Amino acid sequence: MSPETQMYLAQGIHGLAYGMLLFLVASGLTLIFGMMGILNIAHGAFFMLSAYLCVTVLGATGSYWLSLLIAPLGVALLGILVERFMLRRAQASGMGHIAELLLTLGVSLVLAEAVKLTWGTEGLQVNVPSALAGLVNIAGLEYPIYRLFIIVLSLVVLALLSLVLFKTRLGTIVRAAVSDPGMVSALGVNTQIVFMLVFGLGSWMAGVAGVAAAPILTVFPGLGDQIGMDAFVVVVVGGFGSLFGALLAALFLGELNAFGIQFIPKLSPVLMFSFMALVLAFKPTGLFGERE
Amino acid sequence: MLFRATNLNTYYGLIHALQKISLNVDQGEIVCLLGRNGMGKSTTLKSVMGLVPPQSGAIEFQGRSIFRALPHKVARAGVGLVPQERRIFPTLTVEENLLMGVKAGCQPPKDLEPWTLKRVYKHFNSLERRSRNKGSQLSGGEQQMLCMGRALMGNPLLLLVDEPSEGLAPLLVKEVRDVLLQINQAGVSILLVEHNLKVAMSLAHRCYLLGKGFVAFEGTMAELQARPDVMAKYLEVS
Amino acid sequence: MRVLQRTIWWGVAATVLLGVTLGTGPAQAAGAARGFNASAVADMTGFDPAKFENPSGDVVKIGVLAPFSGDAASVGQIYWATGTWVASDINRRGGITVDGKKKKIALIKGDTMGKPANTKQAVEKLCLQDKVDVLWGTAGSHLTAIIQAEADKYKKLHLNSGSLSDTLMEGKAFTPYTFQHIWTTHSVGATLAKFFATRQERKFYILNQDYVFGHELAESFKAGLKKYVPDAQIVGEDFHPLFNKDFAPYLTKVKASGAEMIFTGDWIPDSSNLLKQSRQMGINLPVAGIFLDDINGLIAVGPEGSKGLVFASELLINFQDGIQHKWHEAWKTWAAPYNTPLYEWLGSTTGAYAESLYWLLDAMERAGSADAEKVIKVWEGDEWTGLIGQKLTMRACDHRVVRDTYVTEFVSPNKWYKDCAFMDKITTIPAEFVTLPQPKDSSRCK
């Protein structure tokens, strides 16, 4: 393979890795939005919190794999508590989605401050687990194993998610509730429990992404901000509530980022937003969405 | 008495949509809600279902209160809803839509034959062919059939049916009418909102005529027909 | 040449040492070599920035303008930790003599949140409500420009220890109330270019943050190379968003460009993420920059990943020097959660912040007053010995510091850290090569 081909292949895999990571974050966001009509501003903060929990579990156990197991579960539990004891009350307040939006904004601010009090403002470092350190040769291209692992991990989560969504009764209920939660409850399903579980599941996926990203990034209080914004773009482009749309949009935006930096670096920071504006101009519901 | 609502008051914000509405449905009855657009017919069904919780009043179903109960509790008590907009799940297949109607963990009523996929397909022939299609791919008539089938899968004792013939071709209207009659003969009581007076006359045993949020007339269909003045005042001239 | 520079440098250090031995504090020795006196630093046992309490009574008030919340809150922490260190030291020594009596130092936070509107608000509160004597800040030239204008309006002393922009003190922007202690982007570019003139690398890739500072620094480095390394080549130049996540697409371009050295003005967390991700990708190119002394980030890539890095600063502690070593040992007595490499390392950031405050307070003491006009008179043209014994001159006409600068290549093993490569030999770049020329458009500079 010529060095130039290698470079393009590398950019392609970079885009895939970042795109899949973005999908992990965006899928939770889009599921929550589709079902509950809530734009969860705290989603990026859950991502960030999970990376911090990863630092702590890693410090206590020395095992990255235990961190990958425990930190997202911790975040999922927090998500469930936030839904059960805060969001549900905000919804009952009758103030509509404004109350929920403000509540999740509040949760994200509180989390950012809580993280500073617990772990300090200093950037923390997580190492790539030794089993995944180093490079692998892909047709002459030396590529970091850990970035491939991010792709594989995301695919595994995607497969699990598809299994639950398309092969179980709970999955059918979730898919139905994404389009019409009121009708689902009129058919005898306690949607409040489903909401809680989905909020937990969405937070868990943000948590998995947080732990997956920790070894390539510095863990600091602002960690979730940019990825939260990127995930929002993915959800808008893919269509609110559409998982398939989120997957395609995340992969497309990942590649757009990598090849944008390769060919038009000066414009790359705005490419994503320009594309979002373009999609909204021609299809206000997003590529695969039904709602505006 | 299977179902009794007493003095229901429901608000949309500041709008007093239902004003002391009282009505009842007996076992085996088809009761029709009539009235012009915006008089509160759909709101009555939504209030019963718990989708738009009433402010005050009382609702009893089989002697137990379901007043301000959450929709899933009302459903699990034995009430089924066929809403006006049909509200088919567009991304689910026809079969998945039907299975969404199953109330997991609920025993079907003893004296009624339980509804299964097979039995629904027998009643609604067109659905079986379309079982693997997405809800969004169905025609209006098919959606109406699916919507009724979905509600039946939950083995309701009382079915709330909102404007089933709306937007359907005359042939389909007749089919819907026939199916409702069959369902009723199978032992399901029906509270029906129907715009088409002919359909209502041919189906219902009794009716309630709604004015702006209140009950203007109640009685049998024959009694209604004897009051052209009432009909002229509260029904659309057609 | 370099031997000569080092000799001079040692000579200055020795002078301080001598001054210390003779017990002549800077305040007493008016006219003689004034400067920082490491031996005079109080016993700092038990110092804790989190428990800093402002003294009561008649005090000198310093308003600390920094991002105490938001993404850059760690920068605010460094300001606070350094500020409280200097204030605690001075207070433990009894304060400074101002208006004929000893006054202690009080610090008041002004949270800029990293945003212009909040910065303006914070300055107004510090000036009007808290009535501070000095405004001290901050990271971000666009924010410093706001503080500068406000300081001029309220006639408050303003010490800029955090914004490197070349243009802050030029033309209409100049105000006599502001002093820029920190070095400028021109000096950074010239320092590294002058350093590379003596080395082999000729192919450079510039990778900076995409905002004014990143672009200004890139231009300065290119200008420096043009002057000192005419045969150097810029093989690529990219600007990435602040707080960037994925450096891989940039690094793949860097690798394909055939660069021998990456030049970056990135600060944390971007600088550490850039380094970490390049090493994870098997790209072991050296990186040259001015914020590479983030010890956490260096440890994350280990001795192998951090060796060969080229680090430039306006202040570098020399391990061999007894007094500097003692000062650094004292500096390391932070209590949790500040007992981490970030704060323990008296690096370019913490060291320069502290130095600027010590100098300001010394000028104030010599002026015998916290009054802005009187301090300005003393500080303009002031010659002072800095934290590491180096000669500093506050140029009178544009309030910028004339000083030597320093470059070092990280090696492993080294005397500082065993888990990462770090400084050993320090190259001094004399002031004449790196100092920004006096502004031509100023009537003050003739």
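The letters A, B and C name the chains in turn, as written, and every chain counts its residues from 1.
By definition in this document, contacts are C-beta pairs under 8 Å (C-beta built on N, C-alpha and C of every residue); 3 or more make two chains touch, one makes a residue touch a chain.
Nothing here was measured: the structure is a model prediction, and the numbers come from that model.
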item	value
Touch-based graph of the chains, sorted into line, ring, star, complete or other	line
Highest-count interface - the chain pair sharing the most C-beta contacts	A-C
Length of the line joining the C-alpha centres of subunit B and subunit C, rounded to whole Å	76
Centroid distance [mean C-alpha coordinates] between subunit C and subunit A, Å	38
Inter-centroid spacing, subunit B versus subunit A (mean Cα positions, whole Å)	41
Where subunit A touches two or more other chains, by residue	none
For the subunit A and subunit B complex, residues of the former touching the latter	169, 172-173, 175-176, 178-180, 182-192, 290
Residues of subunit A touching subunit C in the complex	3-4, 7, 10-11, 14-15, 17-18, 113, 116, 120-125, 127-128, 133, 135, 142-144, 146-147, 213, 215-218, 220-222, 225-227, 230, 257-259, 261-262, 265-266, 269
Residue numbers on subunit C that touch subunit A, as the complex places them	69-74, 76-77, 210, 238-241, 243-246, 248-250, 252-253, 255-256, 268-269, 272-273, 276-277, 280-282, 294, 296-297, 299-300, 337, 340, 342-343
Residue ranges of subunit B in contact with subunit A within the complex	49-51, 70-72, 74-76, 81, 83, 87, 89-92, 96-97, 99-101, 103-104, 106, 150-151, 154
